[in-house]
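Labels for the chains are A, B, C, D and E, by order of writing; each one numbers its residues from 1.
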Amino acid sequence: MLIVRNIRITRILKNTWQVDIIMLITCSLVYFFHNEFVKYHIEIPAIVPTVMGTAIAFFIGFNNNQAYDRWWEARKIWGAIVNDSRSWARSVMSYVQQGNDGAAIAPVQQRLVYRHLAFLYALKAALRGADTNGYTRYLTDDEAEHIRSYTNTHNILLQWQSRDLKMLLANNSIDGFRFIQMDSLLTKFSDEMGMSERIKKTVFPTTYSYLTKVFIWIFVVAIAFVTSQTMGPWSIFISWLLSFIFVSTQINGMSLVDPFENNVAGIPLNQITRNIEIDLLQMLGEEDIPAPITPVNGEYVL
Amino acid sequence: MLIVRNIRITRILKNTWQVDIIMLITCSLVYFFHNEFVKYHIEIPAIVPTVMGTAIAFFIGFNNNQAYDRWWEARKIWGAIVNDSRSWARSVMSYVQQGNDGAAIAPVQQRLVYRHLAFLYALKAALRGADTNGYTRYLTDDEAEHIRSYTNTHNILLQWQSRDLKMLLANNSIDGFRFIQMDSLLTKFSDEMGMSERIKKTVFPTTYSYLTKVFIWIFVVAIAFVTSQTMGPWSIFISWLLSFIFVSTQINGMSLVDPFENNVAGIPLNQITRNIEIDLLQMLGEEDIPAPITPVNGEYVL
Amino acid sequence: MLIVRNIRITRILKNTWQVDIIMLITCSLVYFFHNEFVKYHIEIPAIVPTVMGTAIAFFIGFNNNQAYDRWWEARKIWGAIVNDSRSWARSVMSYVQQGNDGAAIAPVQQRLVYRHLAFLYALKAALRGADTNGYTRYLTDDEAEHIRSYTNTHNILLQWQSRDLKMLLANNSIDGFRFIQMDSLLTKFSDEMGMSERIKKTVFPTTYSYLTKVFIWIFVVAIAFVTSQTMGPWSIFISWLLSFIFVSTQINGMSLVDPFENNVAGIPLNQITRNIEIDLLQMLGEEDIPAPITPVNGEYVL
Amino acid sequence: MLIVRNIRITRILKNTWQVDIIMLITCSLVYFFHNEFVKYHIEIPAIVPTVMGTAIAFFIGFNNNQAYDRWWEARKIWGAIVNDSRSWARSVMSYVQQGNDGAAIAPVQQRLVYRHLAFLYALKAALRGADTNGYTRYLTDDEAEHIRSYTNTHNILLQWQSRDLKMLLANNSIDGFRFIQMDSLLTKFSDEMGMSERIKKTVFPTTYSYLTKVFIWIFVVAIAFVTSQTMGPWSIFISWLLSFIFVSTQINGMSLVDPFENNVAGIPLNQITRNIEIDLLQMLGEEDIPAPITPVNGEYVL
Amino acid sequence: MLIVRNIRITRILKNTWQVDIIMLITCSLVYFFHNEFVKYHIEIPAIVPTVMGTAIAFFIGFNNNQAYDRWWEARKIWGAIVNDSRSWARSVMSYVQQGNDGAAIAPVQQRLVYRHLAFLYALKAALRGADTNGYTRYLTDDEAEHIRSYTNTHNILLQWQSRDLKMLLANNSIDGFRFIQMDSLLTKFSDEMGMSERIKKTVFPTTYSYLTKVFIWIFVVAIAFVTSQTMGPWSIFISWLLSFIFVSTQINGMSLVDPFENNVAGIPLNQITRNIEIDLLQMLGEEDIPAPITPVNGEYVL
């Protein structure tokens, strides 16, 4: 996520320079083609690129709207994960009490909170598609060993939480009311996990973005033709400028459709996960708290 | 669901070649008609197709927006089915315990999870309108025999789950709190089933899509007339190009209004159902796990 | 609800022929007025109808969007009624058991399900404003007699369900947990009834649709003037064509704002209610099941 | 709320006549200024008002959309109040039973329902900012006396309901399950009260509506200049007509942003409250039922 | 939040004067550059700024829509905080009763309500980034001392409420049903806190607003060029006017994306918090009630 208000123009050009160059070449080719072969023979009326431009601006606008909605929905899901993680830790700290077996409760509380952190790191790794073993530091050696045989690790971790919760109830460490409340939190984590995966795995309808790209190219050619008729070589620059507006908006919108990617437009999962980690370790009363994630170049957080 | 970012232009032409040819013919007819009869007599001002084009771009944009919302709503419903299926299996595995009758719980757990898989396959078959007997492999022979007399099979399967749940409660295999929680999952499955059927059975207002098609044809004729006035035979190509933008966007949008169809734009029910199947069988500790659905041509999943 | 993809153009003309004729007359009057009095004196610049057309397309688009949302909300409410009706029957069949009074439970179950069907038919009749006595066939003679003294019949039927539920609890036919679950279903029916009535009774802001109509007429006159300047008598046809696009979209959108009307654009309450009736009677194990509603002319269902 | 489909044009002119006159004067001034000083010197290209008009149509469209959403949200809140009021009365009638003190339950039921009606009338009065003492007819003399010392009367009435509910529980007139259900209804009333107040007290961002007004005036001047160039004095009429489209749409949209005002566009709180009153008194079995609110001039209800 | 309907034009100019001046200078430079070097050589067709203007109006419209949604979501969250705070106080006053330890309940009630006020003031301070110690007046000296060692103060205050609630349950001051209800309120406060922080910390996608700004500058230059061709020096004024419409709408929209900032467009957190404070202190029966927040200059509240 970008955290600066004014981004350098170079960043935008860095994202679009390839398409910019191809567009300049295309505009030049259209200009020369028009100059050599078409001039004096046919004239494209201005209405053609006008109608095209209006329609394309529309379709890009709608695409961007839907892309933004996906991105904001992803952000909301992880906002809910933050809230529910705090509620989980608060419930673990406030409601778990010494049970029938007389065992100390501090290790139980630590295990339930640590395993939740492992769940978060495993989920983040699955969504980002990287760093897949970092979460084991919050598991016991046994658990870390055992979990290697599973692929869908974050799901198994939730199942273990569920199993422990049932044992706490049997042991009278929590009563029925607390059980319902904590069990519903596990269901929420399961739902939020599933919702994240839904956004991750559902490709934004390819035809939408692909057709828009095709239309923009058609528009580039049309506008280059029309401006060639009156502007001479300047038409190359002007056509590129108009196309740049469409292309950069389209690319910009599409950068939001995959909000869990590890790029500058994505949801800052590293930062969010770390903040939850800090909050939960503080609630456990731990000393050794990791530092918050710092922005890259003071420009964005991951 | 398409999973590639760049689709072949042939795919788009494959979807639109019929209408493309009819449009080219129409544009040609308009051109010749204009050339023979209209030229020098009347002139259509450019404003006519401009206003038409703007208005039609708008109406297509709104249609696409609503089509996308239907598609995304369908995807959310099946995302919720994924989450709730996992919660169902987790509840079955964690909460069902030996009851008063002293019977083993593993077969009970297997039956409840297997029957849920049968429910999913029956629901998928009903939504896709095909493959209607595949789900019986997750039923006992008795059940498979018995269910033949019903038409609304997925509804009956839910009713059987409800009946078993009541027996588990009577048998003390689950207590009242767990009963409420698992019963509410059955209600959720019932709701998600109903919501899928609502989208499946509610035709997107026909007048919307039909009128838009009529308007596009009016626009084709108007733009062909206007471009004929200045561009000669090239007007045929240019008019077709403009119409292509409208037609392909409209067709593309309409491909999303029936998200449960068994086509490349639909929600990948095969893949989602199989993934749930894999997750649930793993949670049961089964050995014989089916493979995930692989994309067709590396291009889309069904 | 229309169920065909391609509707006959005659249907659209049937909905708009009156306004079409008035528009043709208006365009003709403008043409002759322009020809006789205005020509050579003043010229309306093309920008006037262009700006008008863009603005009106916008306002129509927004109106249609809101009309569609109303329609889809109504459809969702009745989708929820389908789901909750099934849940009601499933609960009645699975949870009601022999109580302290030793009476048979089958008649009780039948009464609770029958009365729910009466509720649905009474609600449908109130929303459609017709067929108000059909629901009494699912009531006992006593109830049918007694209900005549009430105006808001569907509300009274819910109150009777509530009263019976309380008696079942007192009689130990259902326990506290089941009572809560079934009582919350009654609350849902009450909410869905209220939401249907809200849509039924809330007039879509009249000024919105009225102003749009006024604007379209202003546009017709303006475009007829402008095209008269260059096109001669053809301007009558062209102006009508442009206006037709606006008028038919507007009329089409407005046909969705009252989704409970008994017309081809409305939610098919007859079909939905009958489907629930079939499902619920099957769950009761009845023999004499009514047939589903068949489409009218194979074209739409009511 | 207007209840007629076709409103008299006079109503629209009544809402806009002041601005209409100012606009006609402005257009005339622009025309004369252009005629005397500008003509032959400079020419404003048509593109200027075209771009302005498109942009302004957009911004008005978005404003209207948000205004409509506010209005519909307000209507939904009061629809929920209707539903929950009926549920409250149904719960009071079905669940309250003779308690430990052996007192009759009819007066208790009447008090709980009457006080709810007082709450509704007090809330309506606060939202409408008028008629603040009508609600006391549903309070006992003691209560009516006591409540004078409070400002936020509707909040206090809810607190009294809460206090009574607690006494009913202590008295065994309702059991724990019923208490939870009825208490959650009180929370809903509190939420709906708060949501109504949120809409009432939150001013729609002034800059939005103000800027749009400023833009419309800029547009009026620009279009008057441009049409003056070709149309002579007719430009006054045409400019006013175009501006009328923008101004009346803007005024119309803004009439919805304050849905609780006591005007023709507002939510008909009088009608809704009276309907609840009728329903609830009927459920109590009262004889003396007030008549429904009748429309004013057959044109709108308040 | 602005509370006046007509804001002074000076306020708008105050927000935009810097950019206005830069724009006037830019337009002048373009005019002179065009006059000296470009005139008679090349002509930019009007279609270029037309298409640009339409596209930019679109993108600004979408941005504003999303900004408004953020602002309204923030307002809804704080509306929910108002409702839940009242429910909290109502629950504390109605449900807490003398427990096993025989201690007086008034101090307990006061502590629970006071600490909630401290929570609100701490949350407000964190969102506004100011006035961070005002909340301690609602804490005991011990608590105020103790809380200094924490950074995330509002989270700790919720944890203390949770701890006290558990003690009340153990002490039989509240029973299990009341515990669930009050505990769920604490979870709601935690969620609302998290949702506020999500909006506060999530930067609105910088590329959106930045690109829009870049596009507006491109548009300014283009429109200045085009108007220079026909209007002479007046093009400077006209270009600035057109740009002003875009720039002020864009700036206005962006003023809503950070709704918790301490500026005139923000949510009036001071006013809302104070109103809750007044309501809650009145419910406690206190004498010394602070006055409501008064608007600044009668123009806006903070």
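Definition applied: contacts are C-beta pairs under 8 Å (C-beta built on N, C-alpha and C of every residue); 3 or more make two chains touch, one makes a residue touch a chain.
None of the values given here were measured: they were computed from a predicted structure.
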Averaging only over C-alpha atoms, locate the centres of chain C and chain D and give their separation in whole Å. 24
Indicate the whole-number Å distance between the mean C-alpha point of chain A and the mean C-alpha point of chain C. 39
Going by residue number, chain A touches two or more other chains at 46, 50, 54, 56, 58, 61, 65
So what shape is it, when you link every pair of chains that touch: line, ring, star, complete or other? ring
Taking the contact definition as given, in what order do you meet the chains if you travel the ring from chain B through chain C? B, C, D, E, A
Could you list, by residue number, the parts of chain D that touch chain C in their complex? 1-7, 9, 12, 46, 49-50, 53-54, 57-58, 60-61, 64-65, 68, 71, 75-76, 79-80, 82-83, 86-87, 90, 93-95, 177, 181, 223, 226-227, 229-232, 234, 238, 241-242, 245-246, 248-249, 252, 255-256, 265, 279, 282-283
Spell out the residues on chain E that touch chain A in their complex, using ranges where they run on. 42-48, 50-52, 54-56, 58-59, 61-62, 65-66, 150, 152, 155, 158-159, 162-163, 166, 176, 179-180, 183, 187, 190-191, 193-195, 197-198, 202-203, 205-211, 214-215, 218, 222
